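Just so it is clear, A, B, C and D label the chains in written order, and each chain counts residues from 1 on its own.
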Amino acid sequence: MTQIKNIGVFTSGGDAPGMNAAIRAVVRAAMYYGIEVTGIRRGYDGMGKGDFFTMNRKSVSNIIQRGGTILKTARCDEFRTPEGRKAAYEHLVKNKVDALVAIGGDGTFTGAKVFGSEYDIPVVGLPGTIDNDLVGTDFTIGYDTAINTVVDAVDKIRDTAESHDRLFIVEVMGRDSGLIALRTGIATGAEAILIPESKTGLEGLLNRLEFGRKDKTSRIVIVAEGEDAGGAFEVGRLVQEKFPNYDTRISILGHIQRGGAPSCMDRVLASRVGAAAVEALRDGHRNEMIGLINGEIAYTPFEHAIKHHQGIDPNMIKLVEMLSM
Amino acid sequence: MTQIKNIGVFTSGGDAPGMNAAIRAVVRAAMYYGIEVTGIRRGYDGMGKGDFFTMNRKSVSNIIQRGGTILKTARCDEFRTPEGRKAAYEHLVKNKVDALVAIGGDGTFTGAKVFGSEYDIPVVGLPGTIDNDLVGTDFTIGYDTAINTVVDAVDKIRDTAESHDRLFIVEVMGRDSGLIALRTGIATGAEAILIPESKTGLEGLLNRLEFGRKDKTSRIVIVAEGEDAGGAFEVGRLVQEKFPNYDTRISILGHIQRGGAPSCMDRVLASRVGAAAVEALRDGHRNEMIGLINGEIAYTPFEHAIKHHQGIDPNMIKLVEMLSM
Amino acid sequence: MTQIKNIGVFTSGGDAPGMNAAIRAVVRAAMYYGIEVTGIRRGYDGMGKGDFFTMNRKSVSNIIQRGGTILKTARCDEFRTPEGRKAAYEHLVKNKVDALVAIGGDGTFTGAKVFGSEYDIPVVGLPGTIDNDLVGTDFTIGYDTAINTVVDAVDKIRDTAESHDRLFIVEVMGRDSGLIALRTGIATGAEAILIPESKTGLEGLLNRLEFGRKDKTSRIVIVAEGEDAGGAFEVGRLVQEKFPNYDTRISILGHIQRGGAPSCMDRVLASRVGAAAVEALRDGHRNEMIGLINGEIAYTPFEHAIKHHQGIDPNMIKLVEMLSM
Amino acid sequence: MTQIKNIGVFTSGGDAPGMNAAIRAVVRAAMYYGIEVTGIRRGYDGMGKGDFFTMNRKSVSNIIQRGGTILKTARCDEFRTPEGRKAAYEHLVKNKVDALVAIGGDGTFTGAKVFGSEYDIPVVGLPGTIDNDLVGTDFTIGYDTAINTVVDAVDKIRDTAESHDRLFIVEVMGRDSGLIALRTGIATGAEAILIPESKTGLEGLLNRLEFGRKDKTSRIVIVAEGEDAGGAFEVGRLVQEKFPNYDTRISILGHIQRGGAPSCMDRVLASRVGAAAVEALRDGHRNEMIGLINGEIAYTPFEHAIKHHQGIDPNMIKLVEMLSM
């Protein structure tokens, strides 16, 4: 067992609901094991500038239900340079931080991996991103909340779509991943989903509009922002061009998907992996992301978590189509 | 007392949460007074096509909490022609409908006024629009729900704005009216609001960004879609140009503002004016909108309701600025 | 114009959503006018113990959307004694607090009135209570949020009531006032409401169950906790005894009615009266509650606000019955 | 492959959010495979009385987001008798229903198992219960929504607990299972949870109140209704007796936990297992519950699903304690 005395914790990349629950779990679990915790503000940027503060039990009181991250987050170009990382390491040494918990996604772990290979400091990661696009965990912190936010928004849009007999093209987040679109498409009874992982979404949609049920009074199409037809506006343009009789509208859900009180599942996930991260550091783990697979804590090397992405189950794409017929 | 035997009810124009509660109130109040009710689908369009059905107590069971309108709504160009209105009148006569309750906004009442002047059928209106821009009622049905939806969305955006120290330009509905922007601007602690009724919003915003508090970590600006600087994208462009150091983001809330379960106040308002509309027809009222002013039922001639708009209280604009300092 | 230099602000009595928005408005408006603000914790209890702290713009950042009160609240028996009030006054003098804003209800203003008559310090009050039972304001801060919480809860209960064909007796807050029951009864399509202000609720309910529509599949009855038949359990017992064939269930909504993010209207109300309180003190007002009547700021002497209560509009009681037929 | 021509679908036992999404999936998937669907109202009760109707695509339009069950549910004593089951079977034969999908919990599958052993009709089940207490599926339909409802309610209670420095004993559903209490306890940062599966909850709570952190300003305790100390009122009594200085309050969340729009995850789960149930019947499955284990469709004999219950992970109980310190 490594003798960890002071864990630094930070959030990085896009914020996600449940990050605060994860921070709380790291702090409280560390206290439980008699380890001190240093909060690092604004991710790698604050690490490079020494923007540190000592955290205690009270620092994380009453935050489990808050969206966003009390540690803030930022992009940081300096950390991509050796000088930037050196400055960060020196601040850690000066503050006696001897281990790190990095909460974020792909970019966060890429930085952590490089840092961990250059300097002798154990780093573990927690999957904090609404996109759910990391391997090594069934779900990422924030995903469940984000899909509930989307579903709630589309339910509202459905009300007005039904009242006006309209076709709505709704764009959801997911630059490289259709996982938000996939589950919310099923959950909102969408006519079709267009996602980066599938090239036939647009064609399928146009086919259905041409040959499908004619008695439907409203239709919802969910488009992931990264799908290759060009986003909701372009899809809408194509649909309107080909089907001028449809009363088509566009809605870009945008940043509301990042905020809000985390769902129960996100809080539980964040709490479990947050506590497990502290225990992992005590047990000598490093350069690994701590996730939850099939209900059990799982450890995945950063290298593996970064390179691969959760695939899309083709049965679930088929399900969208089958159930919206 | 006019002997009304069969009231036709319809919704027209943009849908608004609470329209179903209003329909329910009209139907149930009519039943209470022994009057039959004919549902007319898709507003003036369905009236011109005779898309009618008999409603009873059960037709409106369990709809008080639903967004949208079970009677649907549509635009109708035919009704602007004498032939269109003649066709509508003939369908009403054939179906023995001898009075009408029109639920909608400006355009709805314009149609109702013309129709009521050409044909001898009493028509009263209920203010159903999220914009709150009608005189003759303190609030329109749907406004309270819409502003709660906006506030909920901006609270979520605030979470991510705080986490990233960002400035968000949020566009809300209101083509001719800043009333949604005004109240939601106060309620979300917005830095500034830009509305059609005021020409100095953009200038004020730029001034505040230049000379105001520098220690603020996040800022929200609420823009009504109809304000004259050109909408959220244009405002965002100007801010980014002048203040490139701000991390500025745009969010267009769009159609989520039209849907969702109506708030308690919208349901109560809809229920009160819906029942009052039936009583007004029995009492011989016609060509009037039934609203609620200072807690009391108020009757306003269509002509007056159409021509004037609720103004903006300058004290409330000042309040936005004072409290976000 | 009185030269106010330092305003003390506190919350007292039961907490209500929107109290934080009111505190924020008092602090920010005072700053705007160059007045300092002292936060007093736990109401009169903290005043008597000198639990004071200096507030600035940042003290109230990002609290407009939070339920509860950051100043906390408590009951205080000492303040009912002359010694208790003397201690409080001495702490105020020592801290150079020369005016007070008291946020709360009946009990709060009773204390303020006595205090203001014994010591020469201007005190104004803001109506902060979910019960809406004060004269001098159309709505109290917290009422709109509370009725939305009730409506949301009853909508959920309706889902299960419909599925099982059940009769639900739902108890809502309101020890002396049926105003929460009244509006939520209308908004949820309740069969009947039982409130302290009316003695015939139970009888009316039993009559309706005996002689009313038999084809209804679910029924909701809203009972104010203070109504004289003895609360939801007693009403449920009587209904079950007389109508054993109904599948009757009880639900006590309880303290969820006090919490949650305030609604848009509550935040706007709190912001308006909070800013107006500061201006009122500057203008020499004292011993008055600052409310909003017909959209305008209104000043009501504590004495009057305490002694009278908002009545119940009999037309609205009738409306419940008419629309749930 | 069995040649199924007409599937009967029904819901039984306590209703759960997502049942409508499951019904929709069964109907739409059956249509997709050219199978007819018969809706059976009020579970086994309606089956015994022949309360059947033909369902089509439109029968399940716009219900995916609704709480409750459009097929209604009821208890049925007759079905426990051979005569009751005989009547039910005769109605099925008369209506040419040649397979069944039963949506419910323990009791539902017990009935299905007996029925399937007496009569030659294939029956499969879908796990529809908020309690999550069935083996054969990671989560039951309704559980995720219910825990979000609890978390939302406790967040509200936390607001008022914080404001008043109170200890709240909150009772959640779970007569035989602490799974709702467990996850919501973690997610709300509860001080302790009391559940049927553990005998030491009360003792642990009293210990923590005696020896734990004294600087906590509010405390939440989650009690499953079935825990052996006697429910929230009895726990509250014991705490007040032993710790009179705590300001202790009780809240029974009750039936709000059964209603509301289903969460995204519940809709996806219901859609997946609903479609899988139709495919299972086509593939010759019978007397099995269709669940989701580790993201994959899983088939569990009714006998097994009934006899065993999901256990409680002791690590998660420990987590509650560790993180609320």
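Here is the rule we use: a residue touches a chain if its C-beta (ideal position, glycine included) is under 8 Å from a C-beta of that chain, and two chains touch if they have at least 3 such contacts.
Remember, it's a predicted structure, so these values are computed and weren't measured experimentally.
Taking the definition of touch as given, a chain qualifies here only if it contacts chain A and chain D alike; none does. Using the average of C-alpha coordinates as each chain's centre, A ends up farthest from chain C. Averaged C-alpha coordinates put the centre of chain B at 28 Å from the centre of chain C. Mean C-alpha positions place chain A and chain C at a centre distance of 39 Å. With centres set at the average Cα position, the gap from chain A to chain B is 36 Å.
Looking at chain D, one finds that residues 155, 158, 162 touch two or more other chains.
In terms of inter-chain touching, the protein chains here make up one closed cycle, each touching precisely two others. Listed by chain label, the pairs that touch are A-B, A-D, B-C, C-D.
Of all residues in chain A, only 11, 15, 17, 19, 66-69, 72-74, 149, 153, 155-160, 162-165, 168, 217, 249-256, 258-260 touch chain B in the complex they form. Of all the residues in chain B, the ones that touch chain C in their complex are 21, 24-25, 28-29, 31-32, 57-58, 62, 64-65, 138, 144, 147-148, 150-152, 155, 158, 162, 183-184, 186-189, 213, 215, 261, 263-265, 267-268, 271-272, 275, 294-295, 313, 316, 319, 322-325.
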